[in-house]
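Just below is one structure, and these are the notes that go with it.
Should a chain be cited, it is by its letter among A, B, C, D, E and F, assigned in written order, with residues numbered from 1 in that chain.
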Amino acid sequence: MASCGFVEYDDAGPEVRAVYDDIMATRKTDWINNFWKALAHDPATLRRTWESVKQIMAPGALDPLTKEMIYVAVSATNQCGYCIASHTASARKAGMTDAMLSELLAVVGMANETNRLASGYQVEIDERFKPRASSAR
Amino acid sequence: MASCGFVEYDDAGPEVRAVYDDIMATRKTDWINNFWKALAHDPATLRRTWESVKQIMAPGALDPLTKEMIYVAVSATNQCGYCIASHTASARKAGMTDAMLSELLAVVGMANETNRLASGYQVEIDERFKPRASSAR
Amino acid sequence: MASCGFVEYDDAGPEVRAVYDDIMATRKTDWINNFWKALAHDPATLRRTWESVKQIMAPGALDPLTKEMIYVAVSATNQCGYCIASHTASARKAGMTDAMLSELLAVVGMANETNRLASGYQVEIDERFKPRASSAR
Amino acid sequence: MASCGFVEYDDAGPEVRAVYDDIMATRKTDWINNFWKALAHDPATLRRTWESVKQIMAPGALDPLTKEMIYVAVSATNQCGYCIASHTASARKAGMTDAMLSELLAVVGMANETNRLASGYQVEIDERFKPRASSAR
Amino acid sequence: MASCGFVEYDDAGPEVRAVYDDIMATRKTDWINNFWKALAHDPATLRRTWESVKQIMAPGALDPLTKEMIYVAVSATNQCGYCIASHTASARKAGMTDAMLSELLAVVGMANETNRLASGYQVEIDERFKPRASSAR
Amino acid sequence: MASCGFVEYDDAGPEVRAVYDDIMATRKTDWINNFWKALAHDPATLRRTWESVKQIMAPGALDPLTKEMIYVAVSATNQCGYCIASHTASARKAGMTDAMLSELLAVVGMANETNRLASGYQVEIDERFKPRASSAR
């Protein structure tokens, strides 16, 4: 289920189908997961979200596996059940092993712990860690 | 400042100094940042936290740079100013370029966005994404 | 289910019934949803929470539909499944269309994204955005 | 600073002064902290919030020190700088020692860590932990 | 300051200047706030983020003031200091009064409270609140 | 289910069994809950996490019941379903009554509310609440 229902491929108009086709081609799969079918009731949001995801998750300075693992790290921190499940699956497809998942979640857990120790103890930022005032380039 | 003050090396007892020495040796630095100096008023917490961080952040199935970037991803999601600053510095020291930071934060931003779209639209998890019932090994 | 069970109308004492009656009269419904039945094992919390909700959600400088949409925005950000479901229903009852829900969630998603870009990049607040030092009135 | 400025006692109308007087009498202090002065531009919110805080933080099944420490735990988890500072001060006034603060924050850190391990590993809830279906009393 | 510094208009290349010009034209202002200057070290992220914000915040099924208030609600929930400051300023510019801000924050506070009561009491979702199984259109 | 499956006692190697035995002995129970069975696919994480939990939750400056209630407070704030269920059960076993749970959650709700009022109104920290500059001891 989803708040506005799912748009299946066969029921979709041409704008939605074009996005669905691009998702399947880009990801080399033959199905569309529920997230996109829930967004598709609003074709503009579907397109904008997909175009952003496609651009951001493409190989660049970071490889796709690293990006998928960062996605899992954020989703676990936010405790988003859907995104943990879907991006764990994506990360495995991109090459994440059980051992890598285990180390990933250990870092996520530790970071969540020390984030609260730092704020709970009201630790002020060391001067050396502050961004420099110099311009960007 | 910090809730219980900072313990400087010169004022520290042998148990705290031993941890400080190990931090500096492990990280190849000659100073201790405020986080550890705030924990040090309680030597047991200082030791336990450092031992966990040291074990978790060591090279393994994931390399140290990837682990530092995951730390930044979690800290940015939680908006912990101290940890964003300190782990951005650590990640840079481990080799993160401006281009890598930029892609890292783009993924963090997008994951935070789609986490809320998934939960806001009440999207149910696809059967294919659910962990299998089979045992671990 | 709920941690302390549900208190049904027929099993409730007069203090709880009085709140239930006021909820149904104020909301023009003939049933009580699980949230209130879970709080009702502690009549003081039930009454205090309902009185606050009733006062806060009443028409004022903002209309009830806007208030319900803000409730959905917070609940989606916190990923509270119960409150997303219940306040999406309330907002629809107050007039929210699918198109409005879609724009609402698009803003929620974008705000969650840019919140992390702002904190992740350690952006300092522009002088012009800071509250003025002047007194309240 | 605060978004709508601060209302000082000398500038306040009788409704705000009555709340300020009750805060100082209840807390046995002779000053009002910034939080209340920021709310006071809206006397109805000031009164409602204070009445709720006063009722909730009063001794009951839990003692005031325990309640103040829970307040710190939540505020550290949410990384709210203002509330960490103000409720750490309140908890100290209620008897919290450095050793108690240290154990409190250790639990907060560990809970934040295991929360993410539980969600990150997609651990399903044990049957024995689920609330029973039985009614409230 | 910001992690990668700020890109000022005079130092910017044509791609960044084009975005800056569009921001100022769309918002009818003559300056660029720090958020965009921090993103601008990565022109692709700057453009994508601005295009998304521009599309999402434009008048549609919801008016711009409502959208700005939703932005404030999310930012206050996430406790993002930068975005609270910048979007409170934007919302005021779009017509938000002190009375509206006060009611907005009262709803934000109450939603954050009841989100935790609902999850803390482990309240299951009422059948009537669940999205229907029917398709989107 | 869990991302990497569960390790049952009968299928576990000696390192995992040693931790399971210690968990059961420490907690005076004869079963292992899903959280530990999900971690056990990675024996090093299982051991480190258990040793930390055991050390942190032991009686000290705070009693075990207070620590379990703080665990519930954090888990409810993070809306972690698994940890709310498991630590509510643990707290009850340690002596938490319905009345104590009710007051605990009332404080959690109120703290989540005032955290957002403080940040939403951009309230600056009172000088008196800031940690003193003096050293730790």
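As a convention for this text, a residue touches a chain if its C-beta (ideal position, glycine included) is under 8 Å from a C-beta of that chain, and two chains touch if they have at least 3 such contacts.
From a predicted model like this one, the values you see are computed outputs, not experimental measurements.
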Checklist entry - Which chains, if any, touch chain C and chain F both? => result A, B, D, E
Checklist outcome for this item: Comparing which residue numbers chain D and chain E contribute to their contact, where sharing over half means same and under half means different, the two sides are different
Checklist entry - For the interface formed by A-D, which of the candidate pairs E-F, C-F or A-C is equivalent, sharing more than half of the contact pairs by residue number? => result E-F
Next on the checklist: Can you check which chain pair, E-F or D-F, has more C-beta pairs in contact?
Outcome noted: D-F
Next on the checklist: Using only Cα atoms to place each chain's centre, name the chain farthest from chain C.
Outcome noted: B
Checklist entry - By CA centroid distance, what chain is farthest from chain A? => result D
Next on the checklist: Using Cα averages as centroids, what's the distance between chain B and chain D in whole Å?
Outcome noted: 27
Item to check | Centroid distance [mean C-alpha coordinates] between chain E and chain C, Å | outcome: 19
Checklist outcome for this item: Listed in rising order, chain B residues that touch 2 or more other chains are 1-4, 41, 49, 52, 56, 77-81, 85, 88, 99, 102, 105-106, 108-110, 112-117, 119-122, 130-131
Checklist entry - Hey, how would you classify the chain contact layout here, line, ring, star, complete or other? => result complete
Checklist entry - Of all residues in chain E, which touch chain B in the complex? => result 3-4, 41-42, 45, 49, 78-80, 131
Item to check | chain C partner contacts - residues on chain F that touch it in the complex | outcome: 79, 88, 98-99, 101-102, 105-106, 109, 122
Item to check | chain D residues touching chain F - in the complex, by the definition given at the top | outcome: 1-4, 31, 33-35, 38-39, 49, 52-53, 56-57, 60-62, 66-67, 69-71, 73-75, 77-78, 80-83, 85-89, 97, 99-100, 102-104, 106-108, 110-126, 128-131
Item to check | Contacting residues of chain C [partner chain B, same complex] | outcome: 72, 76-77, 79, 81, 84-85, 88, 105, 108-110, 112-117, 119-122
Checklist entry - Hey, which residues of chain C end up touching chain D in the complex? => result 1-8, 11, 40-41, 44, 48, 52, 55-56, 130-137
